[in-house]
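Pasting the structures in now, so scroll down.
What follows is a pair of complexes built around chain A, which joins chain B in one and chain C in the other.
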Partner chain A sequence: MKNKLASLIKWIKETKEFYNSDIYMREIHENPASVTREEHLENVEKVRNIVYSDKNKQEKTMEAVYRVFAVLFMIFFSVILVLTVSNLPATGADNNPANNEVAERYIEKGLEETGATNVVAGMILDYRAFDTLGESHVLFVAAIAVTVLLRLDKKERDPKDTKIRETISEAEEADRIFNTRHDTILQKVALLLVPVILMFGIYVVLNGHLSPGGGFSGGAIIGSAFILYLNAYGFGKASNVFTEKIYKRASVAALMFYAIAKCYAFFCGANHLDSHIPKGIPGHILSAGLILPLDIAVGVVVAWTMYAFVAMFRKGGF
Partner chain B sequence: MSILNCVLLLFLIICAVAASFSKNLLNSVLIFMGYSLIMSVVWMLLESPDLAITEAAVGAGVTSVLFFLTLSRIHSIFKNIDDKSDKEDENYEE
Partner chain C sequence: MRNIIENFPLFSIILCLLASSGSLLLKEKAAKIVNTALIILVGLMSAILMGYCYLNGSFVYVMGHVPAPWGNEVRGGVLEGGMALFFSIIMYLSMSGGRKKLLEEVEETKQNLYYILDNLLFCSLIALVYTNDLFTAYVFIEINTISACGLIMIRQNGRTIEAAVRYMIMSLLGSGLFLTGVIMLYDITGHLLMSNIKESVQTLISTGQYSEPLMVTVAFMIIGLSIKSALFPFHSWLPDAYGYSTISSAAILSSLVSKGYIFILIKIIYRVIGFEAVVQSKLLNVVFVFALCGIIFGSISAMRENDIRRMIAYSSVAQIGYIYLGISFGTKAGMIAAVFHILSHAATKSMLFISAIGLTDTSNTSRHFGDLTGSAYRNRIAGLGFATGSLSMVGIPLFSGFISKLLFMEASLQNQYKMLPALIVLGISTILNAIYFMKTVVRIYSPERDLYKGREGFHVIRFKEEKEYGITIILFIILNVVLGLCSGPILNMIQIGIESFS
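Right, the complex of A and B next:
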C-alpha cells in the first residue's frame, strides 16, 4: 500500500512511470539547426544511396516483382474490359436494354408533359429533378470540402503561433507569379472576350429547355468568364465584384430555392406532381413551367462554385 | 464519318497514353486538355450536344485551370522564379 502511494506520488511528480520504468524525456531543441536547400538535397541523395545500395538487394528484387505484377495486372484487366466491350449490344439496336418503356415515355410524352423542347432538360429537371437536386448538392459539398482544405484564416503571421501553415499575405506573395496587372495583351483580349462569353453562358442557361445546354454547362461557361476576368485583372479588381458574402448568399439562396421548389418530391416518394405553373407554348422562352427557374438556380450555383474553386486554389480565400 | 470517328478515337488513345507517360507535368495537363477537347467532339458526333458543351467547359476549361494552379502551388511550372518575381513586382505596387 505504502509502496503504491509512493509510486503514485512519483508518477504525479513525473519522475517515474506508475508501474515500473522511469519516464524518459527527450530533450527539446529550441532552435533546430537550419538546413539549406543544397544540404537538404545532399541528405536526400545520401539516404537514397543507402536505401538503394547493392546491399539492399531485396528492394531491387521487390521493385522488379512489382513491375512484373503491374504489367500482368494491366494485361488481365485490359483483356476483361475488351471482352466486356466486345460483348456489349450494338449502339442503337432495337432490343437493347436501354430501349424500354421509360425512355419511350420520355420521348413520346416529354414535350406534352413538361413543355420543354429539349427532351434532356425535361428529363433531368422535371422527371428526374430529384436526382439533379442531389447532384447540385454534391457540387456544393465539394466546394465546402475545398474550402475546408484550402481556406486560410490569418492575415499576417504571428511569431508565437507555430501551427499556422500559411497566411493569406504569404499566399498572395506566392501568387505573384500570376500577377498580370501589366499584361496589356491579356487585358485587352479579356475586355473583348469576357462579355461575349458571359452572354453565351447566359444564353445557354436561359435556353436550357429549348436547345442543348442548361444550368450546369451554362454555369460552367459563366464561371470560366469569371476566371478569365480574374486572371487578366488580378484579385484587386475582381474582389470588387466577387466577394465571399455574395458567393455565400447566391449559392445558398439558389440551392434553397431548388430544394423548396422540388421538396414535394420528398413527401410523395419522388413522384411527379403538377407544379401549377402554366406550361406556355413549347419553343417560347417563358415556357416549360419550373424548368427555367431551376436552370437559373443551378447555373448560379455552378458559376460561383467554379470561381470559388479558383480563388481558393490561388490564395486561400476571396 | 467513320474515318473521322476512327481518327478521333485513335487520337483519344494516343492522348491518354501520352498524358500518363509524359515526364513533364505541364505537358501532361496540356495533353489532358486536348483529350477533353477531342472527347467533346466525339460527344458531338454521338449526337449528345449537352454533354459536348459540358465536356468542353468543364473538362478542357475549368479542370485544366485548376491543374495549372496546383502545379504553380507546388512550384512545378517555374523553377527559379521565386527570387526574381519579388524584386520585379515591387515596382508595380499600387
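Right, the complex of A and C next:
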C-alpha cells in the first residue's frame, strides 16, 4: 500500500511512469511513400498531360462537354424528382392509396395469423417471408463477393506464380500496425462491454417477435461485440473462437435451415396443408411459429458476416 | 392439394439457394458436380412446367399461407417455364464450355466460390422469371447484380477489377432507379403484387389521378432496367466486363444476365402497367430512338475493335438494341420478335464467346486479329462454332438470327411511323454485322498454316484433347440450328405465353 502510494506520488510529480512496464510505445515510421501537396499536384498534372496529349485532344473537349451535360442533367433530374414528389400523396394523409386492405389486415389480423406481437416481424418473416429469404441471401452473396476480392490463399511467395499480389504472412505483417498489444484500457473496457453487448444482441434476436428488433438488428449488435473483442485482443486470441471453419459451418447451417424451413412452410401454405408448426401463446418467448428460429438463423448469418468483413479487410482471412 | 408440378418454381428457387450455401463447404470438384446437377434438375423441372402450362394454362402459386395482396406470389406459365428451361440450357453450356479456362484463370481455392456465385446468379434469374411481385423482383435483382460483379472480378487482374467497379456503379444506378420506381408505384397504388398494381393503375389512368408520378415511375423502371441490360447510351460498362472476365462469366453475363432484366421489363410492361398504358405514354418512342442509335453505334464500335472479345462484346450492344427495338414497336408482333431475339441472341452470343476462346487459345492467348489468322485450322471445332455464330448474327437462313431479323422486319411493317427508320437501320446494321463478323471469319479461315509453325504458343488443338469443349460447341450449333429451323412451335409458345400475360 505504502509502495503504491509512493509510486503514485512519483507519477504525479512525473518522475516515474505508473504503468511503466505495461506501456508500449509504438515507433512512428515516416511513411516513405508520402508526398507533399506540391508533388501531388505535379503528379496530377503529369498524368493529365499524358492522358490529354495531342493525340487525345478530342478527349479533352469531350470531358468539358461531359461536365456541362452532367450539370445540366443533374438540374433536369432534380427538377423532375421535386415535381414528382410534390405530386405524390401527402405523407400521413388518411386517404392515401397505401392505407388499404393490405396494411389493415397486417395490423388487425397480424397477431392472430402469425402469433407475433411485433407486427413488423410477422410481416417480414411470415407474410412476405420470400422477400426476406432473398434478402438474407443478398448478405451471403455480398460476403462471398468480398471473399473473392480480399481473401488471401497463398502462404508463401512462389517465384513461378507471378499473379500473387500479397501473401498471408505479408498481410499479417502489415496488420501488426493495428495490433493493440497491451492496450490495457481498451482490453479492460472490452472485457466489461463485450458480454453486455452480446447479451443485448441475443436479447434483440430472441425478442424479435415480441418487441422491435429481430435477426438483422440483433445480428449486427452481436457482430459489433465480436469486432470489439477482435480490436481489443488481436487476431491471436480471437482466432481461438473465430475460425473460418466455424464461420462457414455456422452460416451454411443457418442459411440452409432458413431455406428448408421456409420451403416447408411455403409448400404447406400453398397446398393448403396443415404445417403443424405451433403458434404458441402470443407474448411468450416460445411463440409465433417459425419466426423465432428464423430470427436466430438470420442473426447468426449477420453476426458472422460482419466479423468476416472486418477480418477480410484487415488481413484477408481469419 | 395442388398438382405437384405447380410446386416446381418454389423447388427450383429453393434448390438453387441450398446448392449455393452448401457449396461453401465443398471442394472445387464437388461444387462443380452440385452446380451441374442443379442446372440439369432445374432445366428438367422447367421443361415439365412448360408442358404442363401448355396443356392447363398458367397458374399463380402463393408463397406461404396468406393469399394474394398480403403474401408473396410466383406465377407459372408457358413463357416462364420456357425461359427458365432456356436459361438452364445456356447456363449449362456456358459453364461446360469455359471449364478449362476457369481452372486456369481462377485460383484453385476460390473455385468453389465461383460455383456459389453461379448458383446464386442462376437462382436470381429463375426467380426473376417466375416472380409475380415487384419487390421480390427487386430483391433478386440485387442478388443478380452482386453475383454478376463477383463473376467478373474472380479472375483477378487490373482490367477485371476496373470492369467490376464500372459494372457496380452503373448497375447500382440502374437498381436505384428501379427501386425508386417501385417505391413511388407503391405510394400511388398501395400494392407490390403485379396483378393488384395493374388494377390500381387502370383506375388511376381512368380517373386521371397521379398521372405525372405514374409517368415518372414507368420511365424510371424502363431506364433502370435498360441501364442494367446495357441499352445504347448506358453501355459503357459492357465491353470491359465482357471482354476481360473469365470466359464462362462473359458468356453468362452477355446471354443471361442482361436477358433476365429484359424479361422482367417485358413482364412489367404487360403485368404491372398494362401494355396499352405503356404504349399510350409514348415512352416507347424514346426507347425506339435509343434502340436505333444502339444498333448503329454498337456495330460501328465493334468494327473499330482490334480485339476479338471486345468486338463480340460491342456487338452485344447492337443486339440489345434489336431487342429494345422489338419492344418499342408497341405491337404484339414486335414483342414476340423481341422475346425470340432474346433466345436467339443468348444462344448465339454465348457460342461466339466460347468459340473465340478456343481460337485465342491456339494463338498464344492473343486476342488481336493479326495473331488469329488461320486459327480456325489450328482449332477446327472452335472455328466452326465461330463461323456458325457469325452467320447467325448476320442473319443467314438456317440459323436463328435469320428468323429474328425476319420477325423484326415483319413487326416494323405494322407500325406506320416507325417502319421506315426501323427498316433502314435494320438494313444498315445487317451490312455492318456482315462487315465485322465476316471479316473475322475470313481471317480465321485464311490458310496460312506455315506462318506460325514453331512460334511459341501457336499449336494445334484437336477435338480429342478437349472433348468437353468440343461437345459444348456442337451442342451450341445444334441449338442454333434448331432455333432457326423449328421456329414455328417456339413462336407459338411465345405467343401463348404473351397472350396469357395480359
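Here is the rule we use: the second predicted complex is superposed on the first by the 238 of 318 C-alpha atoms of A that agree within 3 Å, B and C clash if a C-alpha of one lies under 4 Å from a C-alpha of the other, contacts with A are read in each partner's own complex, and residues count from 1 in each chain.
Just so we're on the same page, a residue touches a chain if its C-beta (ideal position, glycine included) is under 8 Å from a C-beta of that chain, and two chains touch if they have at least 3 such contacts.
Quantities reported herein were computed from a predicted structural model and do not represent experimental measurements.
Undergrad: Does the superposition put A:Val51 against chain B (first), chain C (second), both, or neither?
TA: Touch partners of A:Val51: none, neither chain B nor chain C.
Undergrad: Residues of chain A touched by chain B versus by chain C: which partner has the larger set?
TA: On the superposition, C touches more of the residues of chain A.
Undergrad: After superposition on the shared chain, which partner residues are touched by A:Pro89: those of chain B (first), chain C (second), both, or neither?
TA: second
Undergrad: With both complexes superposed on chain A, which partner does A:Val68 reach: first (chain B), second (chain C), both or neither?
TA: Neither partner.
Undergrad: Once the structures are superposed on A, label A:Pro212 by its partner contacts, choosing first (chain B), second (chain C), both or neither.
TA: In the superposed model, A:Pro212 contacts chain B only, not chain C.
Undergrad: Would you check which partner chain A:Leu8 touches, where first means chain B only, second means chain C only, and both and neither mean what they say?
TA: In the superposition, A:Leu8 contacts neither chain B nor chain C.
Undergrad: Would you tell me the residues on chain A in contact with chain B in one complex that are also in contact with chain C in the other?
TA: Dual-contact residues (chain A): none.
Undergrad: Considering only the defined contacts, which chain C positions touch chain A in the complex?
TA: Touching chain A from chain C are residues 1-2, 6-7, 10-11, 14, 17-18, 20-22, 24-25, 61-66, 69-72, 107, 109-110, 113, 116-117, 120, 123, 127, 133, 135-136, 139-140, 142-143, 146-147, 149-150, 153-154, 156-157, 184, 186-191, 200, 210, 212-213, 216.
Undergrad: Spell out the residues on chain B that touch chain A in their complex, using ranges where they run on.
TA: 49-50, 52-54, 57-58, 61-62, 65-66, 69-70, 72-73, 77-78, 81, 85-86, 89, 92, 94
Undergrad: Which of the residues in chain A come into contact with chain B in the complex?
TA: 118, 120, 173-174, 176-179, 181-182, 204, 212-214, 216-217, 220-221, 223-224, 227, 236, 306, 309-310, 313-314
Undergrad: Which chain A residues qualify as touching chain C in the complex?
TA: Spelled out, the residues of chain A in touch with chain C are 80, 83-84, 87-89, 96-103, 105-106, 113, 126-131, 133-135, 137-138, 140-142, 144-145, 147-149, 151, 153, 163, 165, 248-249, 251-252, 255-256, 259-260, 262-263, 265-273, 275.
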